[in-house]
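If you scroll down you'll find the structure; I have some questions about it.
We call the chains A, B, C and D, going by the order they appear; numbering starts again at 1 in every chain.
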Amino acid sequence: MNIEQFVFLQESGNVSIPGILLNYYSRLGITEEELMVLIQVKKFKENGNHFPTPTELSEYMSITTSTCTSVLRSLLQRGFLHIEELEQNAILYEMYSLKPLWEKLYSFLMQDEKKTKNLEEEQ
Amino acid sequence: MNIEQFVFLQESGNVSIPGILLNYYSRLGITEEELMVLIQVKKFKENGNHFPTPTELSEYMSITTSTCTSVLRSLLQRGFLHIEELEQNAILYEMYSLKPLWEKLYSFLMQDEKKTKNLEEEQ
Amino acid sequence: MNIEQFVFLQESGNVSIPGILLNYYSRLGITEEELMVLIQVKKFKENGNHFPTPTELSEYMSITTSTCTSVLRSLLQRGFLHIEELEQNAILYEMYSLKPLWEKLYSFLMQDEKKTKNLEEEQ
Amino acid sequence: MNIEQFVFLQESGNVSIPGILLNYYSRLGITEEELMVLIQVKKFKENGNHFPTPTELSEYMSITTSTCTSVLRSLLQRGFLHIEELEQNAILYEMYSLKPLWEKLYSFLMQDEKKTKNLEEEQ
(Lines give C-alpha, C1' and ligand atoms only; values in the text may rest on other atoms or scores of the structure.)
Protein backbone atom coordinates (compact mmCIF):
# COMPACT_ATOMS: atom_id res chain seq x y z
CA MET A 1 0.00 0.00 0.00
CA ASN A 2 1.51 3.27 -1.08
CA ILE A 3 1.08 6.74 0.38
CA GLU A 4 -1.88 7.68 -1.90
CA GLN A 5 -3.77 4.53 -0.89
CA PHE A 6 -3.08 5.17 2.80
CA VAL A 7 -4.39 8.77 2.52
CA PHE A 8 -7.45 7.49 0.62
CA LEU A 9 -8.01 4.95 3.40
CA GLN A 10 -7.93 7.63 6.11
CA GLU A 11 -10.09 10.02 4.11
CA SER A 12 -12.77 7.35 3.50
CA GLY A 13 -13.13 7.45 7.28
CA ASN A 14 -15.44 5.47 9.51
CA VAL A 15 -19.12 5.24 10.20
CA SER A 16 -19.89 5.16 13.94
CA ILE A 17 -22.79 2.89 14.86
CA PRO A 18 -24.15 3.53 18.38
CA GLY A 19 -23.91 0.44 20.61
CA ILE A 20 -27.57 0.82 21.58
CA LEU A 21 -28.65 0.66 17.91
CA LEU A 22 -26.69 -2.58 17.48
CA ASN A 23 -28.28 -3.90 20.68
CA TYR A 24 -31.90 -3.00 19.95
CA TYR A 25 -32.53 -2.83 16.17
CA SER A 26 -33.93 -6.38 16.04
CA ARG A 27 -36.33 -5.61 18.90
CA LEU A 28 -37.52 -2.58 16.90
CA GLY A 29 -38.39 -5.04 14.10
CA ILE A 30 -35.49 -4.09 11.80
CA THR A 31 -33.74 -6.88 9.85
CA GLU A 32 -30.00 -7.04 9.11
CA GLU A 33 -30.61 -6.12 5.47
CA GLU A 34 -32.68 -3.08 6.47
CA LEU A 35 -30.11 -1.96 9.05
CA MET A 36 -27.37 -2.13 6.41
CA VAL A 37 -29.46 0.10 4.11
CA LEU A 38 -29.78 2.61 6.98
CA ILE A 39 -26.01 2.41 7.66
CA GLN A 40 -25.27 2.98 3.94
CA VAL A 41 -27.61 6.02 3.99
CA LYS A 42 -25.69 7.33 7.05
CA LYS A 43 -22.38 6.79 5.21
CA PHE A 44 -23.60 8.70 2.13
CA LYS A 45 -24.94 11.55 4.28
CA GLU A 46 -21.60 11.86 6.14
CA ASN A 47 -19.87 12.10 2.76
CA GLY A 48 -22.16 14.95 1.71
CA ASN A 49 -24.76 13.06 -0.40
CA HIS A 50 -28.00 13.38 1.58
CA PHE A 51 -30.28 11.67 -0.93
CA PRO A 52 -28.54 8.64 -2.46
CA THR A 53 -30.60 6.76 -5.06
CA PRO A 54 -31.38 3.03 -4.74
CA THR A 55 -28.87 2.48 -7.56
CA GLU A 56 -26.11 4.30 -5.68
CA LEU A 57 -26.89 2.41 -2.46
CA SER A 58 -27.14 -1.04 -4.05
CA GLU A 59 -23.81 -0.53 -5.81
CA TYR A 60 -22.17 -1.10 -2.40
CA MET A 61 -24.52 -3.86 -1.30
CA SER A 62 -25.30 -7.47 -2.18
CA ILE A 63 -28.94 -6.62 -2.92
CA THR A 64 -30.39 -5.48 -6.29
CA THR A 65 -31.59 -1.95 -7.01
CA SER A 66 -35.22 -3.07 -6.94
CA THR A 67 -34.80 -4.81 -3.57
CA CYS A 68 -33.16 -1.62 -2.31
CA THR A 69 -36.14 0.43 -3.54
CA SER A 70 -38.51 -1.91 -1.67
CA VAL A 71 -36.46 -1.74 1.53
CA LEU A 72 -36.35 2.08 1.41
CA ARG A 73 -40.12 2.26 0.79
CA SER A 74 -40.81 -0.11 3.67
CA LEU A 75 -38.50 1.83 6.05
CA LEU A 76 -40.25 5.08 5.07
CA GLN A 77 -43.73 3.57 5.54
CA ARG A 78 -42.88 1.98 8.91
CA GLY A 79 -41.41 5.28 10.13
CA PHE A 80 -37.71 4.43 10.47
CA LEU A 81 -36.67 6.87 7.76
CA HIS A 82 -38.01 10.22 6.62
CA ILE A 83 -37.56 12.49 3.59
CA GLU A 84 -37.02 16.12 4.49
CA GLU A 85 -37.46 18.94 2.00
CA LEU A 86 -35.06 21.85 1.98
CA GLU A 87 -35.36 24.99 -0.14
CA GLN A 88 -32.08 26.62 -1.08
CA ASN A 89 -31.81 29.40 -3.69
CA ALA A 90 -35.33 28.64 -4.89
CA ILE A 91 -34.40 24.99 -5.55
CA LEU A 92 -36.14 22.26 -3.59
CA TYR A 93 -33.79 19.58 -2.25
CA GLU A 94 -34.83 16.27 -0.75
CA MET A 95 -32.74 14.59 1.90
CA TYR A 96 -33.04 11.45 4.01
CA SER A 97 -33.31 11.97 7.74
CA LEU A 98 -32.60 9.29 10.33
CA LYS A 99 -34.41 11.25 13.05
CA PRO A 100 -37.42 8.87 13.11
CA LEU A 101 -35.02 5.98 13.79
CA TRP A 102 -33.60 7.77 16.86
CA GLU A 103 -37.13 8.65 17.98
CA LYS A 104 -38.22 5.00 17.82
CA LEU A 105 -35.06 3.98 19.66
CA TYR A 106 -35.77 6.57 22.38
CA SER A 107 -39.38 5.39 22.79
CA PHE A 108 -38.20 1.79 23.00
CA LEU A 109 -35.57 2.59 25.65
CA MET A 110 -38.12 4.53 27.73
CA GLN A 111 -40.70 1.73 27.46
CA ASP A 112 -38.07 -0.89 28.27
CA GLU A 113 -37.06 1.11 31.34
CA LYS A 114 -40.68 1.16 32.49
CA LYS A 115 -41.11 -2.60 31.96
CA THR A 116 -37.90 -3.32 33.89
CA LYS A 117 -39.10 -1.12 36.75
CA ASN A 118 -42.53 -2.78 36.83
CA LEU A 119 -40.89 -6.20 36.89
CA GLU A 120 -38.60 -5.15 39.73
CA GLU A 121 -41.54 -3.82 41.73
CA GLU A 122 -43.54 -7.01 41.20
CA GLN A 123 -40.77 -9.17 42.58
CA MET B 1 -34.05 10.15 29.89
CA ASN B 2 -32.45 10.50 33.30
CA ILE B 3 -28.78 10.76 34.23
CA GLU B 4 -28.27 6.99 34.69
CA GLN B 5 -29.68 6.29 31.22
CA PHE B 6 -27.49 8.99 29.67
CA VAL B 7 -24.37 7.54 31.32
CA PHE B 8 -25.40 4.04 30.18
CA LEU B 9 -25.84 5.41 26.65
CA GLN B 10 -22.34 6.91 26.60
CA GLU B 11 -20.77 3.82 28.19
CA SER B 12 -22.38 1.51 25.59
CA GLY B 13 -20.28 3.47 23.12
CA ASN B 14 -19.99 3.07 19.38
CA VAL B 15 -18.65 0.54 16.94
CA SER B 16 -16.58 2.16 14.18
CA ILE B 17 -17.01 0.55 10.77
CA PRO B 18 -14.27 1.51 8.28
CA GLY B 19 -15.69 3.22 5.18
CA ILE B 20 -13.74 0.85 2.94
CA LEU B 21 -15.40 -2.19 4.57
CA LEU B 22 -18.84 -0.66 3.90
CA ASN B 23 -17.76 0.05 0.32
CA TYR B 24 -16.26 -3.33 -0.54
CA TYR B 25 -17.86 -6.12 1.58
CA SER B 26 -20.32 -7.07 -1.16
CA ARG B 27 -17.50 -7.35 -3.71
CA LEU B 28 -15.74 -9.68 -1.25
CA GLY B 29 -18.86 -11.89 -1.43
CA ILE B 30 -20.17 -11.01 2.04
CA THR B 31 -23.94 -10.57 2.50
CA GLU B 32 -25.64 -8.00 4.75
CA GLU B 33 -26.56 -10.74 7.27
CA GLU B 34 -22.96 -11.98 7.38
CA LEU B 35 -21.57 -8.46 7.77
CA MET B 36 -23.89 -7.83 10.69
CA VAL B 37 -22.63 -11.02 12.39
CA LEU B 38 -19.06 -9.74 11.93
CA ILE B 39 -20.06 -6.30 13.31
CA GLN B 40 -21.72 -7.95 16.35
CA VAL B 41 -18.54 -10.00 16.93
CA LYS B 42 -16.54 -6.73 16.79
CA LYS B 43 -18.95 -5.13 19.29
CA PHE B 44 -18.61 -8.07 21.72
CA LYS B 45 -14.80 -8.04 21.41
CA GLU B 46 -14.65 -4.29 22.14
CA ASN B 47 -16.72 -4.93 25.26
CA GLY B 48 -14.26 -7.59 26.45
CA ASN B 49 -16.05 -10.78 25.30
CA HIS B 50 -13.76 -12.22 22.63
CA PHE B 51 -15.68 -15.43 21.99
CA PRO B 52 -19.43 -14.76 22.02
CA THR B 53 -21.64 -17.82 21.48
CA PRO B 54 -24.21 -18.03 18.65
CA THR B 55 -26.88 -17.66 21.35
CA GLU B 56 -25.33 -14.44 22.68
CA LEU B 57 -24.95 -13.02 19.16
CA SER B 58 -28.45 -13.95 17.94
CA GLU B 59 -29.98 -12.35 21.04
CA TYR B 60 -29.20 -8.98 19.44
CA MET B 61 -30.10 -10.02 15.90
CA SER B 62 -33.20 -10.93 13.91
CA ILE B 63 -31.77 -14.37 13.02
CA THR B 64 -32.11 -17.59 15.04
CA THR B 65 -29.28 -19.21 17.00
CA SER B 66 -29.00 -22.02 14.43
CA THR B 67 -28.80 -19.55 11.50
CA CYS B 68 -26.14 -17.70 13.46
CA THR B 69 -24.18 -20.95 13.93
CA SER B 70 -24.35 -21.58 10.16
CA VAL B 71 -23.23 -18.04 9.33
CA LEU B 72 -20.26 -18.27 11.73
CA ARG B 73 -19.25 -21.67 10.30
CA SER B 74 -19.46 -20.35 6.75
CA LEU B 75 -17.42 -17.21 7.61
CA LEU B 76 -14.76 -19.42 9.25
CA GLN B 77 -14.64 -21.82 6.29
CA ARG B 78 -14.45 -19.05 3.69
CA GLY B 79 -11.65 -17.34 5.64
CA PHE B 80 -13.34 -14.13 6.81
CA LEU B 81 -13.08 -15.07 10.48
CA HIS B 82 -10.58 -17.05 12.50
CA ILE B 83 -10.46 -18.63 15.96
CA GLU B 84 -7.25 -17.90 17.86
CA GLU B 85 -6.15 -19.92 20.85
CA LEU B 86 -4.57 -18.21 23.84
CA GLU B 87 -3.05 -19.91 26.86
CA GLN B 88 -3.26 -17.97 30.11
CA ASN B 89 -2.47 -19.49 33.53
CA ALA B 90 -2.59 -22.99 32.01
CA ILE B 91 -6.12 -22.38 30.70
CA LEU B 92 -6.74 -22.42 26.97
CA TYR B 93 -8.94 -19.55 25.75
CA GLU B 94 -10.50 -19.29 22.30
CA MET B 95 -11.14 -15.91 20.72
CA TYR B 96 -12.48 -14.69 17.40
CA SER B 97 -10.08 -12.73 15.25
CA LEU B 98 -11.14 -10.44 12.40
CA LYS B 99 -7.60 -10.40 10.97
CA PRO B 100 -8.54 -12.63 7.97
CA LEU B 101 -11.26 -10.10 7.04
CA TRP B 102 -8.71 -7.25 6.93
CA GLU B 103 -6.31 -9.48 4.96
CA LYS B 104 -8.97 -10.22 2.33
CA LEU B 105 -9.83 -6.51 2.18
CA TYR B 106 -6.15 -5.64 1.67
CA SER B 107 -5.76 -8.19 -1.12
CA PHE B 108 -8.90 -6.91 -2.79
CA LEU B 109 -7.72 -3.28 -2.63
CA MET B 110 -4.31 -4.21 -4.06
CA GLN B 111 -5.87 -6.25 -6.88
CA ASP B 112 -8.39 -3.50 -7.62
CA GLU B 113 -5.53 -0.98 -7.85
CA LYS B 114 -3.76 -3.22 -10.36
CA LYS B 115 -6.88 -3.68 -12.49
CA THR B 116 -7.49 0.08 -12.53
CA LYS B 117 -3.90 0.67 -13.62
CA ASN B 118 -4.10 -1.96 -16.40
CA LEU B 119 -7.34 -0.44 -17.66
CA GLU B 120 -5.79 3.03 -17.68
CA GLU B 121 -2.78 1.77 -19.62
CA GLU B 122 -4.97 0.03 -22.20
CA GLN B 123 -6.87 3.18 -23.00
CA MET C 1 2.47 -0.68 3.42
CA ASN C 2 2.33 -4.45 3.45
CA ILE C 3 -0.46 -6.76 4.56
CA GLU C 4 0.76 -7.07 8.18
CA GLN C 5 0.87 -3.29 8.57
CA PHE C 6 -2.61 -2.93 7.08
CA VAL C 7 -4.02 -5.55 9.49
CA PHE C 8 -2.23 -3.82 12.40
CA LEU C 9 -3.78 -0.52 11.28
CA GLN C 10 -7.30 -1.98 11.27
CA GLU C 11 -6.79 -3.79 14.57
CA SER C 12 -5.55 -0.61 16.29
CA GLY C 13 -9.02 0.69 15.53
CA ASN C 14 -10.57 4.04 16.33
CA VAL C 15 -11.65 5.97 19.39
CA SER C 16 -15.09 7.54 18.95
CA ILE C 17 -15.43 10.96 20.55
CA PRO C 18 -19.07 12.10 20.95
CA GLY C 19 -19.77 15.35 19.09
CA ILE C 20 -21.34 16.83 22.23
CA LEU C 21 -18.13 16.24 24.22
CA LEU C 22 -16.12 18.07 21.53
CA ASN C 23 -18.70 20.87 21.61
CA TYR C 24 -18.94 21.34 25.38
CA TYR C 25 -15.71 20.26 27.11
CA SER C 26 -14.35 23.81 27.27
CA ARG C 27 -17.58 25.04 28.83
CA LEU C 28 -17.18 22.30 31.45
CA GLY C 29 -13.79 23.87 32.27
CA ILE C 30 -11.69 21.13 30.65
CA THR C 31 -8.53 22.18 28.75
CA GLU C 32 -7.25 20.54 25.53
CA GLU C 33 -4.43 18.83 27.46
CA GLU C 34 -6.88 17.42 30.00
CA LEU C 35 -9.28 16.23 27.28
CA MET C 36 -6.43 14.41 25.54
CA VAL C 37 -5.57 12.63 28.82
CA LEU C 38 -9.24 11.53 29.07
CA ILE C 39 -9.21 10.38 25.42
CA GLN C 40 -5.99 8.39 26.01
CA VAL C 41 -7.61 6.77 29.09
CA LYS C 42 -10.62 5.85 26.88
CA LYS C 43 -8.25 4.37 24.27
CA PHE C 44 -6.44 2.25 26.87
CA LYS C 45 -9.75 1.05 28.36
CA GLU C 46 -11.05 0.01 24.92
CA ASN C 47 -7.86 -1.99 24.43
CA GLY C 48 -8.40 -3.83 27.72
CA ASN C 49 -6.12 -1.82 30.06
CA HIS C 50 -8.50 -0.15 32.50
CA PHE C 51 -5.89 1.44 34.74
CA PRO C 52 -3.01 2.84 32.65
CA THR C 53 -0.19 4.44 34.65
CA PRO C 54 0.93 8.05 34.08
CA THR C 55 4.06 6.59 32.45
CA GLU C 56 2.02 4.52 30.00
CA LEU C 57 -0.21 7.48 29.16
CA SER C 58 2.58 10.04 28.74
CA GLU C 59 4.44 7.67 26.42
CA TYR C 60 1.85 8.56 23.77
CA MET C 61 1.64 12.24 24.67
CA SER C 62 3.78 15.36 24.47
CA ILE C 63 3.60 15.88 28.26
CA THR C 64 5.93 14.42 30.89
CA THR C 65 4.97 11.67 33.32
CA SER C 66 4.83 14.12 36.21
CA THR C 67 2.56 16.52 34.30
CA CYS C 68 0.37 13.54 33.46
CA THR C 69 0.20 12.62 37.17
CA SER C 70 -0.88 16.18 38.01
CA VAL C 71 -3.53 16.21 35.28
CA LEU C 72 -4.97 12.88 36.43
CA ARG C 73 -5.03 14.06 40.08
CA SER C 74 -6.77 17.29 39.09
CA LEU C 75 -9.36 15.46 36.94
CA LEU C 76 -10.06 13.08 39.85
CA GLN C 77 -10.38 15.95 42.36
CA ARG C 78 -12.65 18.04 40.11
CA GLY C 79 -14.89 15.03 39.47
CA PHE C 80 -14.28 14.34 35.78
CA LEU C 81 -12.69 10.95 36.41
CA HIS C 82 -13.23 8.28 39.03
CA ILE C 83 -11.37 5.19 40.23
CA GLU C 84 -13.58 2.13 40.65
CA GLU C 85 -12.53 -0.89 42.67
CA LEU C 86 -13.34 -4.37 41.45
CA GLU C 87 -12.76 -7.61 43.33
CA GLN C 88 -12.09 -10.67 41.19
CA ASN C 89 -10.81 -13.98 42.59
CA ALA C 90 -9.94 -12.25 45.89
CA ILE C 91 -7.74 -9.74 44.07
CA LEU C 92 -8.66 -6.05 44.18
CA TYR C 93 -8.42 -4.30 40.81
CA GLU C 94 -8.58 -0.57 40.25
CA MET C 95 -9.99 0.87 37.06
CA TYR C 96 -10.65 4.34 35.71
CA SER C 97 -14.27 5.22 35.03
CA LEU C 98 -15.39 8.06 32.77
CA LYS C 99 -18.92 7.98 34.23
CA PRO C 100 -18.43 11.28 36.17
CA LEU C 101 -17.52 12.99 32.87
CA TRP C 102 -20.80 11.86 31.27
CA GLU C 103 -22.70 12.91 34.41
CA LYS C 104 -21.22 16.42 34.26
CA LEU C 105 -22.01 16.59 30.55
CA TYR C 106 -25.61 15.54 31.23
CA SER C 107 -26.04 18.16 33.98
CA PHE C 108 -24.57 20.82 31.69
CA LEU C 109 -26.91 19.90 28.81
CA MET C 110 -29.95 19.96 31.11
CA GLN C 111 -28.94 23.33 32.59
CA ASP C 112 -28.21 24.73 29.14
CA GLU C 113 -31.62 23.58 27.93
CA LYS C 114 -33.23 25.41 30.85
CA LYS C 115 -31.29 28.62 30.15
CA THR C 116 -32.24 28.49 26.46
CA LYS C 117 -35.89 28.04 27.39
CA ASN C 118 -35.79 30.94 29.87
CA LEU C 119 -34.21 33.16 27.26
CA GLU C 120 -36.83 32.20 24.70
CA GLU C 121 -39.60 32.94 27.16
CA GLU C 122 -38.13 36.34 28.00
CA GLN C 123 -38.08 37.40 24.38
CA MET D 1 -33.59 14.18 28.62
CA ASN D 2 -36.56 14.34 26.31
CA ILE D 3 -36.98 12.91 22.82
CA GLU D 4 -35.77 16.08 21.00
CA GLN D 5 -32.58 16.13 23.06
CA PHE D 6 -31.95 12.44 22.42
CA VAL D 7 -32.39 12.92 18.66
CA PHE D 8 -30.09 15.96 18.79
CA LEU D 9 -27.53 13.84 20.66
CA GLN D 10 -27.59 11.10 18.01
CA GLU D 11 -27.53 13.60 15.13
CA SER D 12 -24.47 15.41 16.59
CA GLY D 13 -22.74 12.09 16.06
CA ASN D 14 -19.16 11.12 16.77
CA VAL D 15 -15.72 11.94 15.47
CA SER D 16 -13.60 8.81 14.94
CA ILE D 17 -9.94 9.28 15.80
CA PRO D 18 -7.67 6.54 14.37
CA GLY D 19 -5.81 4.67 17.11
CA ILE D 20 -2.51 5.17 15.23
CA LEU D 21 -2.99 8.97 15.28
CA LEU D 22 -3.51 8.85 19.07
CA ASN D 23 -0.42 6.65 19.38
CA TYR D 24 1.95 8.67 17.18
CA TYR D 25 0.95 12.37 17.12
CA SER D 26 3.44 13.32 19.83
CA ARG D 27 6.26 11.59 17.93
CA LEU D 28 5.28 13.65 14.87
CA GLY D 29 5.88 16.74 17.04
CA ILE D 30 2.19 17.64 17.49
CA THR D 31 1.06 18.96 20.90
CA GLU D 32 -2.29 18.19 22.58
CA GLU D 33 -3.57 21.70 21.80
CA GLU D 34 -2.63 21.34 18.14
CA LEU D 35 -4.20 17.88 17.88
CA MET D 36 -7.45 19.22 19.33
CA VAL D 37 -7.48 21.98 16.68
CA LEU D 38 -7.07 19.29 13.99
CA ILE D 39 -9.87 17.20 15.59
CA GLN D 40 -12.17 20.26 15.69
CA VAL D 41 -11.38 20.90 11.99
CA LYS D 42 -12.29 17.23 11.26
CA LYS D 43 -15.57 17.67 13.22
CA PHE D 44 -16.51 20.81 11.26
CA LYS D 45 -15.67 19.12 7.93
CA GLU D 46 -17.84 16.10 8.79
CA ASN D 47 -20.70 18.49 9.54
CA GLY D 48 -20.33 20.13 6.12
CA ASN D 49 -18.25 23.22 7.03
CA HIS D 50 -14.91 22.66 5.28
CA PHE D 51 -13.32 25.98 6.17
CA PRO D 52 -14.16 26.95 9.77
CA THR D 53 -12.74 30.31 10.92
CA PRO D 54 -10.50 30.62 14.00
CA THR D 55 -13.48 32.26 15.73
CA GLU D 56 -15.75 29.30 14.98
CA LEU D 57 -13.10 26.81 16.12
CA SER D 58 -12.15 28.64 19.33
CA GLU D 59 -15.83 28.90 20.32
CA TYR D 60 -15.63 25.20 21.16
CA MET D 61 -12.16 25.33 22.69
CA SER D 62 -10.45 26.72 25.77
CA ILE D 63 -8.04 28.79 23.63
CA THR D 64 -8.60 32.33 22.32
CA THR D 65 -9.26 33.18 18.67
CA SER D 66 -5.78 34.65 18.28
CA THR D 67 -4.12 31.52 19.74
CA CYS D 68 -6.25 29.46 17.36
CA THR D 69 -5.04 31.60 14.42
CA SER D 70 -1.41 31.00 15.49
CA VAL D 71 -1.95 27.25 15.85
CA LEU D 72 -3.58 26.99 12.40
CA ARG D 73 -0.75 29.04 10.82
CA SER D 74 1.88 26.85 12.48
CA LEU D 75 0.12 23.62 11.39
CA LEU D 76 -0.07 24.93 7.81
CA GLN D 77 3.60 25.98 7.80
CA ARG D 78 4.83 22.70 9.29
CA GLY D 79 2.81 20.71 6.73
CA PHE D 80 0.18 19.06 8.94
CA LEU D 81 -2.71 20.92 7.33
CA HIS D 82 -3.35 22.23 3.84
CA ILE D 83 -5.79 24.65 2.21
CA GLU D 84 -7.32 23.31 -1.00
CA GLU D 85 -9.04 25.55 -3.51
CA LEU D 86 -12.19 24.41 -5.24
CA GLU D 87 -14.00 26.20 -8.05
CA GLN D 88 -17.74 25.69 -8.19
CA ASN D 89 -20.09 27.76 -10.37
CA ALA D 90 -17.32 30.30 -10.96
CA ILE D 91 -16.90 30.82 -7.21
CA LEU D 92 -13.61 29.89 -5.57
CA TYR D 93 -14.00 27.97 -2.32
CA GLU D 94 -11.24 27.26 0.19
CA MET D 95 -11.29 24.14 2.30
CA TYR D 96 -9.00 22.57 4.88
CA SER D 97 -7.51 19.22 3.98
CA LEU D 98 -6.04 16.77 6.50
CA LYS D 99 -4.24 14.84 3.74
CA PRO D 100 -0.77 16.15 4.75
CA LEU D 101 -1.37 14.81 8.28
CA TRP D 102 -2.07 11.31 6.94
CA GLU D 103 0.98 11.59 4.65
CA LYS D 104 3.25 12.46 7.57
CA LEU D 105 1.75 9.62 9.58
CA TYR D 106 2.38 7.20 6.70
CA SER D 107 6.00 8.33 6.33
CA PHE D 108 6.52 7.96 10.08
CA LEU D 109 5.07 4.44 10.14
CA MET D 110 7.23 3.38 7.18
CA GLN D 111 10.37 4.86 8.77
CA ASP D 112 9.53 3.31 12.12
CA GLU D 113 9.10 -0.08 10.44
CA LYS D 114 12.56 0.28 8.88
CA LYS D 115 14.18 1.24 12.18
CA THR D 116 12.57 -1.71 13.95
CA LYS D 117 13.83 -4.05 11.22
CA ASN D 118 17.36 -2.64 11.42
CA LEU D 119 17.38 -3.04 15.19
CA GLU D 120 16.18 -6.63 14.90
CA GLU D 121 18.92 -7.42 12.37
CA GLU D 122 21.61 -5.91 14.58
CA GLN D 123 20.67 -8.11 17.51
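Here is the rule we use: a contact is a pair of C-beta atoms (placed from the backbone, for glycine too) under 8 Å apart; a residue touches a chain by one contact, two chains touch by 3 or more.
Since the model is a prediction, treat every value here as computed from it, not as a measurement.
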{"item": "Proportion of interface numbers common to chain B and chain D (over half same, under half different)", "value": "same"}
{"item": "Computed distance of Cα centres, chain C from chain A, in Å", "value": "28"}
{"item": "In chain C, residues with contacts to at least two other chains", "value": "1, 5-6, 9, 13-14, 16, 18, 106"}
{"item": "Topology of the chain contact graph, where touching chains are joined (line, ring, star, complete, other)", "value": "complete"}
{"item": "For the chain A and chain B complex, residues of the former touching the latter", "value": "1, 5, 9, 12-20, 22-26, 30-33, 35-36, 39-40, 43, 60-63, 106, 109-110, 113"}
{"item": "Parts of chain A lying in touch with chain C, wherever the complex brings them together", "value": "1-2, 5-6, 9, 14, 16"}
{"item": "Chain C residues touching chain B - in the complex, by the definition given at the top", "value": "3, 6-7, 10-11, 13-14, 16, 18, 46, 48, 98-99, 102-103, 105-107"}
